[in-house]
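Two complexes are shown next, each including chain A; its partner changes from chain B in the first to chain C in the second.
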Partner chain A sequence: MSDLKTLTFAFMDPPFESERTVTFFRLLDAALERGASVRVFAYEGAVALAFARQAPHGNAVHGRDAAEEDHPLTREWIRALQEKAAAKELGFEWINCGLCVDERGVNDVIDGCGRGGPPDLWRYASDAFNTLTIGTR
Partner chain B sequence: MKVLQVIDQAFRTTVEEQDDTILWLTQSMRGAGGDLQVLLSGHGVHYAVLNQRQPPLVLGTWKQSQPAELVRDLTNLTESGVPVYAVREDLEERGLAGLPLQAGVELVSRAGLVELYEQVDQIWQW
Partner chain C sequence: MSDYLFIQSQDPFTEVRCAAQYQLARQLRDAGHRVHVLLVQNGVAPARLGARSEVFDALLGGGVTVSADGFSLKQREIEASDLKAEVTVGDVGDAVDALLAGSKVIWN
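Moving on, here comes the complex of A and B:
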């Protein structure tokens, strides 16, 4: 039975490579804003979005140290969306493709992001009102 | 729920992953009970006329031992009951129309895509 208030997203792009990544996060935020729960299946490079060891850095060209630069990190975007969902009493689930994690060595993920496989995408999609897939280019 | 997987990019990371990641995903979800179809469009139609395994990558003394076997992967899909379609016009535009299609692959015209899309609940464009 499809849940009219849940949207599933399957995403393939890694952080820091494409505008699709930012657009993807904007879509997640918009979904939550409109009252939809969100389920994400991160596939291939997208599993690095939740990598816990992402670290901010300073930028000499900008003339700013790490604190001043406040470099964006996708793991913090995920955390912010988790918090937004909780505040709105909406669901926000995130599953990384386990094999994709292993081959990239990004096993250390932030809390709230799990490990799974394609059957989880099928389960997510089957339960959701609709699914948006964003493949890499 | 019935899903149409649309693959319009060919050979995306097939060397590194040793498969096409969307064909792999489809096969895996099929194993989990998913009701899926595959549409090869754009450059993806190259898969419909493949007749050999991908050659192994060789870098210095390193040689790939298990290159992608897309012919096998497509065959596994069709034999498991997953319909696989290829867009006729996309084959023609690439000079591939005269080549034999892989067993089980069905041609569909661009005009016929509407009917194909209407047969499924969701369309996943990869």
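Moving on, here comes the complex of A and C:
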């Protein structure tokens, strides 16, 4: 039996478009809360979740500047999960599908997020205690 | 016998395939497996009292246990008291518990 406390998640939704993204991050947080290490294979639009140049913006309609709007950025959520995992001495690995990254030009990712391909998903799933794939409908 | 947990994000009012997803859950239950459905996002919609969905009500009557993610309910201003009697309030952490218990967890 492989590592009993590692869960693998495969995710393909881009940031800022679907409620699935929020649910996905909640699942990752819940896994860390329960003492499980996490491995993520991000593909298709999800490779932009870790894009380093995401920028917050204001909301002119509501008269709020960027600081007041406090726009959530997925790269910051990933960073927070990395820090949470480190504090709990758990693993948190993130691999983006390289082909998907190149298609979208989102090569500039935050530290701790790597580049790979479908064989990494196979490796992640093979090594994990369990795997959840969240597909786009 | 296996344990299945379906994370049900789709709802029967906007997704035709939802009926087949419910049916699969029931068929697995009928085949002797333990099956739980965790409603998330708009998947919580048919759980509301007064929501009319024959396929969802058939799921509730088919021996499958059903819970609704509290966060998704709160986002939609649905209170626990607004839910159909067979539906309990759950959390996405329940899906992680199932993963760690070795259940087959499937996203719909």
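We take it that the second predicted complex is superposed on the first by the 136 of 137 C-alpha atoms of A that agree within 3 Å, B and C clash if a C-alpha of one lies under 4 Å from a C-alpha of the other, contacts with A are read in each partner's own complex, and residues count from 1 in each chain.
We take it that a residue touches a chain if its C-beta (ideal position, glycine included) is under 8 Å from a C-beta of that chain, and two chains touch if they have at least 3 such contacts.
For clarity, every value in this text was computed on a predicted model and none was experimentally measured.
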In the superposition on chain A, see if there is space for chain B and chain C together, and answer fit or clash. fit
So in the superposed three-chain picture, is A:43 touching just chain B, just chain C, both, or none of them (first/second/both/neither)? first
For A:119, is the partner it touches chain B (first), chain C (second), both, or none of the two (neither)? first
With chain A at the apex, the angle to the CA centres of chain B and chain C, rounded to a multiple of 10 degrees, reads 60
What is the contact status of A:135 with respect to chain B (first) and chain C (second): first, second, both, or neither? both
Please indicate which partner A:70 is in contact with in the superposed arrangement: first for chain B, second for chain C, both, or neither. neither
Chain B to chain C: minimum CA distance in the overlay, Å? 6
Do chain B and chain C touch any of the same residues on chain A, and if so, which? 130, 133, 135, 137
Touching residues on chain C, where the partner in the complex is chain A: 7, 9-10, 15, 17, 40-42, 71, 91-93, 95-97, 99-100, 102-103, 105, 107
Touching residues (chain side chain A, partner chain B) in the complex: 2, 10, 12, 43-44, 117-119, 121-123, 125-126, 130-131, 133, 135-137
For chain B, which residues count as touching chain A in their complex? 1, 3, 9, 12-13, 21-22, 25, 28-29, 31-34, 122, 124-126
Chain C contact footprint on chain A (complex, rising order): 5, 7, 19-20, 23, 26-27, 30-31, 33-34, 36, 129-130, 132-135, 137
